[in-house]
Structures are given as structure tokens and as C-alpha cells.
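Quick heads-up: structures coming right below.
What follows is a pair of complexes built around subunit A, which joins subunit B in one and subunit C in the other.
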Partner chain A sequence: MSEEIKPNEIVDFLKPRVGARFKMWLGICAHCGLCANTCHYYTANEKDPKMIPSYKIRFLKEILKKKGNVDKDYLQKVYETVYYECNMCRRCTLYCPFGIDIALMISLLRALLFSQGMAPEGLVKAIENYKESGNQMAVSDEDWVETVKWCEEEMAEELVGLEIPIDKKGAKILYTVNAREPMFYPQDMMEVAKIFYVAGEDYTYCSKPGWDDTNLSMFCGDLKTSKMIVENTFKRAKELEVQQVAITE
Partner chain B sequence: MDFFLFVEGPLLWIAFLVFIIGSIIRVSMFVFVSTKKDKIIYQHFSWKYLFSTIIRWLLPLNKDIPKNPIFTILAYIFHICLIVVPIWYAGHITLWEESRFEWSWTAMPDELADWMTLIFLGIAIFFLLRRIFSADIRLISTFSDYFLIIITALPFLTGYFLTNGTLDSITFFSDNIQLIHMLSGELMLILIPFTKLSHYILFFFSRGASGIEFGRRGYSI
Partner chain C sequence: MIHSVELFHDYIRDGRIKIKEKIKEPTTVQDPCNVVRSGGLAEKNQRLAQYLSEDFRPMKYQGNYNYCCAGGGGAMPIGGEMKKHRLKGGKVKAEQIRETGAKIVFVPCHNCIDQIRDLSKEYDLGIKAIHFKEAITECMEIPEEMIPKDDES
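For the complex of A and B:
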């Protein structure tokens, strides 16, 4: 993490990303406050005015105005707002007369911070894992397949004939999981296997990266990794010629 | 040239031209830049979601009515008065008839115009006080937010004084109120394209863009 903030880096990062909508929104927000009581951070914090959605995006306006001339402390303040005061749920947009998309701008600010090396540790670690292994928990392909097999064995004792298909070409559904499931909650996978079995659904897991449906990199605006994750799943879906991809949650 | 004649003639032209050309530039800039940087709008373009969101918010059919009824209804009345009075006030129509365009249309009754002006001013004062006294709104208000309420209210205030002769006992006003009225109207027109008042036209583009953004996930806002 560099201590020195280079304004031109910030400007270069924002320039291609601040589109016509962002400029328009920063310009026409009437500061009417209609979005205030629509934000759960506002209502949960005893109507703290600092939680008004429109107020949270002042940072973007300021950074653009200052042409990136901000210091580390300032970015730290931005960090606290964009990570602890908004979860990009977009509810405020539904009530803004102009439909101003606060969450999109918060997301851009998170991306800007990420480009400056500022992001929650957990997310940074997850992104490393995605890049290495294709899933957020760095489960190896072998361990993943082994876990699925183990689930199958466990369940077969209860439901005779139960199988958990892996890489079954032409199945109807490609089923994906949260990578925490094989790591910490394989019982969830077993429950799902039960349901699929009883329902008689034609589904399959895939053995190669693409089986983890979480996309944590999205939360710090790392769109490159986000894209890679989604593309992995699409690739598997195509290879296996499935009709649908199902995701947990 | 006499200052009055300048304000009545060339300055009025300038104000209208700045307003119209400025608005066209704001819109063109949005369209031009968005085709490069906001491709998502065009990739998922849908007249259905675009129109439904605009209609829902032009008419009081939206979520804000139940959520913040008082403020929202006042805001609707405010905007209706703001648009209707200047366009349909008989005195203004006479000026259009006398102008080189010789345009004419049916006027609203003067008494209604008077009432709508008073209601408009009442709401403007409420908006101003709300900005000053509500901790919420004060925090998000900038200088231009206060300033623009006053700029928007001035033509109505001076128009009321002018037509009702309220301040005629003061010589300065009886001599100049028409001049002040015209100047205040021109100032507002000139400021529209450069300030948040440009929302009068950008509203349609902003709602449209977000309508499409939510519409591509099958949700009409």
C-alpha cells in the first residue's frame, strides 16, 4: 500500500469510468432529501443525517473537483463511508425523483479505493483466491471433487441409490455453490442432493473452476476478476451443454 | 439605449437563447458522452421501461407519494404553478401577441394566476425554511440550493408586486418593479442550463437511464 497518493493516478482511473450518467447525477441532485428515510443505514442510526444517500456521494463530486488532489486521511474517510455506510442495495434509487443510482457511484468509489490498494482484508484475500483457484476459499479442484464424492457416500447410506453427478454432459441444470459450503458446510450440499434426488431433477456439478457462484470481487469494484468468475461458470455451462445454471443463497 | 429597453429587448432574447441553446447543449453532451461511456443504456434500450418510469414520475403515481406524502405533493404543486403561471398568465400572452412571433393562446383567469403565485411563494418559503431548519436537509444543502430557491421565487414575487401594485407607495418600486421583474425572470432563464435547474430536461434522461438499468433486470421503477 503506497502512502503517497498520486492525483494523476486517481484522475486516470476515474476519467474513463465517470460516464455521462454520473456527471448528470452529480449535477442535478436537488438535495431534496427524499432518499433519506429510504436508506436502512439512516433509519438504523437514529436518522443520522450523515447517512443520507445523497450525502454519501459528495466524495465523488469532491474528488473530481479537486482533480484527485486528496490525501490518505481523506481516502480513509471515503473508505469508511463506502464500506460501512452503504451496502449498495439501491433502495434509495427507487425513491429518488431522478432515479439517481447512488449505489453505482459508491461502487465506483470502492473501485477507486481498490486501485489505491485500499480494500477490506477479507475481500483482498478472496480476490487472490479467485485468481489462483477460481473460488473464494482456494479449494483445489481435487479437494472439491473429493468433497462432492464424500457427500455422495454419506448420503447414499440414507437414500439408497443417491448420486451426485459431476460433469454430466447434457444435464438440465448446472448447480453451483458458495465455496464456503465444501469448506465449512458440506451438510448444505447434502441437503440439496437430497432435494434434487427426491425431486428427480437432472442436474450436475462441474469439476473445474466455475462451481463457486460467489462474486466477492464485485464488492470492491474489481470488475476484471468479477468478469473472470462469471465467465468461468458460463464456460462450464457451455462445455456441459446444460440449459440452466442454478445458484445458491 | 435606455436600460429598460435593453432589458425588455436584447436581454430577453439573450436569456431565451441561453436557456434554449444551453439546454440543447446539456442534452447533446449527455447523449454524446453516454454513447461512449454508458453503453449499457443502449445495449438494453427499452421504450417500455423508459416511458413507464417517466410517466410514473411525471404523474403522482410513484413510491414517494406514500413514503413522503406532504413533501411530494407540495413539490408537485410547486412545479405545476412554476410551469403554468408564466405560460398562461394573460399579461404574458399579450406580450407574445405583440411580439414579432404574434403567438397567441388562451389565458388563465388573472385571479387564478394570483392564487397560484401565492401558493407557489408559500411553498418556496417552506422549502427554504426546511433547508434552514431541518438538520437533514441543512447538511446536504449547498450554497446554490438556497440561492436557486430565491432565484426561482423572485420572478413570482416581483410579478405579484407588479400586477397588484403592492409596493407602489415606494417610489423606487413603482418606477422599477417591471424592470426588476423582467431581470429576475431573465436571470432564472440564464441560470437554468448551468445549474441543477437543468433537471427540467435532464429529468427525462436520468429517469430513462435508470428505468432501463432496472428494466434490464425485469423491474420497472
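For the complex of A and C:
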């Protein structure tokens, strides 16, 4: 692959996003190494110095310094670091004397790669699904509602009077799930139905997109899709006039 | 926004859900980064685990200071290309779990639970990773009027 990387595109992407906080973090990191032992990748990889969190974000500094003059191979190296060597867990930040948010910078690098058309296949597929159906597994509205009803039938046999409300206006809570639940783990939905029923909770599901509380597009910096996912949920919450949105485990 | 861990914790604390019998086997709890470090539920997450356990054993680093399972940040949904990296990175979590001697690990996160189940296989931990939901439904008291009467059928 010898696609041309346009330095101005990279600079145009980074410039509005690298604000005062990022500049300060890049400037004040003393490479003291306190973050090293906090990282599970560092520890699990026999203390490989390449895995030290503060080292992983060297790319951001370099790309800015080079004014975006980098090639595809370079971006591939960035890709391997920001995806294969970091979970953006923010544990290093907790131990950093300056509280430098490494994960946020990793996240920016992922977004930069996405703007250059580089993202893991698994996430790209999920993004397509979100755009098409509003959820990561491309479950249709009909299948979703049917699954909820099936869970209700099953659970009503175990607990007398159990119902699973859908689109109940004015409920206290709009409950949302991970789209893997209707696909692979319907027992999760059944269990929570039991808990809510016994606790006497006033909740509802929504029938239209907004019921999937995952946001995988966020992990590769596709903020447009991320925004759409969150907006769907809030739209449903407003329509149903609920007080709270609850998310699954 | 409210997370299930907080809802479930409050149900038990406030007596809306009563626990009939606690889990006897040793348990521990994972602190998912987004629920705990970023979501602020360190205390409630651990207390919920204690509500359900007779023999709760915290991990060496717990709450906000707990390690990531190495399945976060999209590592699970990324799929195959990530697998060997997350299994390697998860060694730290596997050792943390082993150290507790727990047989049941509460994992209030879909990402973490899939990863920890993979880790259990990879590092032969011999544990069962479950969501709180599963434990609560097994341990809670069901009010008399909700129990179906067999003579109907």
C-alpha cells in the first residue's frame, strides 16, 4: 500500500484538537517512569521499556514536530501501539504526579488514524451496524421487541404477574442493555427482569433505537457515530419522559 | 445516567431486595475501568459483592487502583487481531485473581466478563465469572405472592 499521506490533513486534524491541556501534558511529562509499573502491558511483557505509558504517546509529540510529515509505515507503528499495547484504562494517570491523561492522548491518536482510514475491522463492522440499525449487532427493531416479549413470557412462568414494560411513558427509568444480550445472553435480560420485579422498580425498555448502551465507535475516535448513538438514547428518554437512563452491567 | 451496580446495591441496602442466602464459596470482584475508575462506583461495587458473599476476598489492588483486565478500550470487539495481545496483557489480572483463591468472580461488565472467561481458560484459573445479576437472582428472597402455585397445572 503506497497511499499518499497528506501532511496538511494531519495538521488540520490535530490543530483544533491539541489544546492547552494536551500541550501542557506533552511539555511537563518528565519521563520519570512512575507510570511504568502501573501498566499491565508493561508488567506482563517482562517490563519491556517500549510499554511504558509515557513512551507510548511519543508519537503525538513527533507527529506535531514533523508537521504531519509521516508515512504509512509510521502510522502503522502508531496503530500497533495505540491498539495492541493500551486499553485506555487510565490507571497510569492515577499514579502520575502530574495526572497526565495518557489515555486521552491515545484516544486522540486513534481518532487521527480513523481520519486517515485506519481502524480495526471489528470496530469498523460495528460502526456499520450502528449506522444501519442503531445497535452494534444489527438487531432489527422487530427482533428486539420480540426478544423482550419472549423474555417476559419465560419469566412470567417463574414469577406470578411479571411483566417487562416497553415504551411505558412516564416510567422512572429507561433501562438499556448491551446489544450482545438479545443476541447471545438473553438470560441477562431475564435475570434483570426478575430483579426489577421483586424490587418493584418502575422501568421500561424502548422499542426504537437507543436501547443499546454500548458505544464502540468511541474506541476508534469516530465521534460522529458516537454522538448519534448517545443522541438516540436521549431522544427515547425524552419521548418517554423518564427521569433516569440505566445501563446494564 | 445510573449503572446497574448502583441500582442493585441500593436495592439491597434499602431492603427492596432481601438476600436469603449468601454465596458460600470464596468470591472476589473485578473493578471494570469504566464503572469504577471512570464511573466512580468503587465502594458500591465492592459492597455489593460483600452483600452477596460469606467469604469475600478483595484483589490486591482494588477499587480505583485495580488493574484493567486487558479487554478494555475496544480490545474485545476488535476481534482476532487483538487476541494474543489481550491474553498476554491479561496475565496481571489472572495472577491477581489466582492470589485471592476465589472461585467466583463478580464481573459487572460485558467486556471484562468475556475477557476474564478467556483468561480463566488461558491461565487455568478454575473460576466462574458471573454478572451480579446472576448471583442476585439466585440469592434473593422471592415474595410469597410471586411464587407460582403448582396445583394450577
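Some observations on this one:
By definition in this document, the second predicted complex is superposed on the first by the 247 of 249 C-alpha atoms of A that agree within 3 Å, B and C clash if a C-alpha of one lies under 4 Å from a C-alpha of the other, contacts with A are read in each partner's own complex, and residues count from 1 in each chain.
Methods note: a residue touches a chain if its C-beta (ideal position, glycine included) is under 8 Å from a C-beta of that chain, and two chains touch if they have at least 3 such contacts.
All values derive from a computational prediction rather than experimental measurement.
Partners subunit B and subunit C, brought together by superposition on subunit A, fit side by side with no clash.
Judged by the touch definition given at the top, the superposed model places A:Ser140 against neither subunit B nor subunit C.
Once the two complexes are overlaid on the shared chain, A:Val192 sits against subunit C while remaining clear of subunit B. With both structures placed on the common chain, the touch criterion links A:Gly161 to subunit C but leaves subunit B unconnected.
Comparing subunit B with subunit C, more residues of subunit A are touched by C.
Touch criterion not met for A:Asn8: it reaches neither subunit B nor subunit C. By the document's definition of touching, of the two partners only subunit C reaches A:Pro120; subunit B does not.
By the touch criterion defined above, A:Leu94 lies against subunit B and subunit C together after alignment on the C-alpha atoms of chain A.
Between subunit B and subunit C, the smallest C-alpha to C-alpha distance in the superposed model amounts to 7 Å. Across the superposed pair, subunit B and subunit C both touch subunit A at residues 94. If you check the complex, the residues on subunit A that touch subunit C are 40-41, 43-45, 83-91, 94, 103, 106, 120-123, 126, 136, 157-162, 173, 178, 180, 185, 187-188, 191-192, 194-195, 197-201, 214, 216, 219-220, 244-249.
Across the complex, subunit A meets subunit B through its residues 16-21, 23-25, 27-34, 36-38, 47, 49-50, 52, 54-55, 93-95, 97-101. Of all the residues in subunit B, the ones that touch subunit A in their complex are 29-34, 37-38, 41, 53, 57, 62-64, 67-68, 71-72, 75, 134-142, 145, 196, 198-199, 202-203, 205-207, 209-211, 213-214, 221.
Taken together, the subunit C residues at the contact with subunit A in this complex read 1-5, 7-8, 11, 16-17, 33, 37-38, 64-68, 70-75, 77-82, 85, 88-93, 107-110, 131-134, 136-137, 140, 142-143, 145-148.
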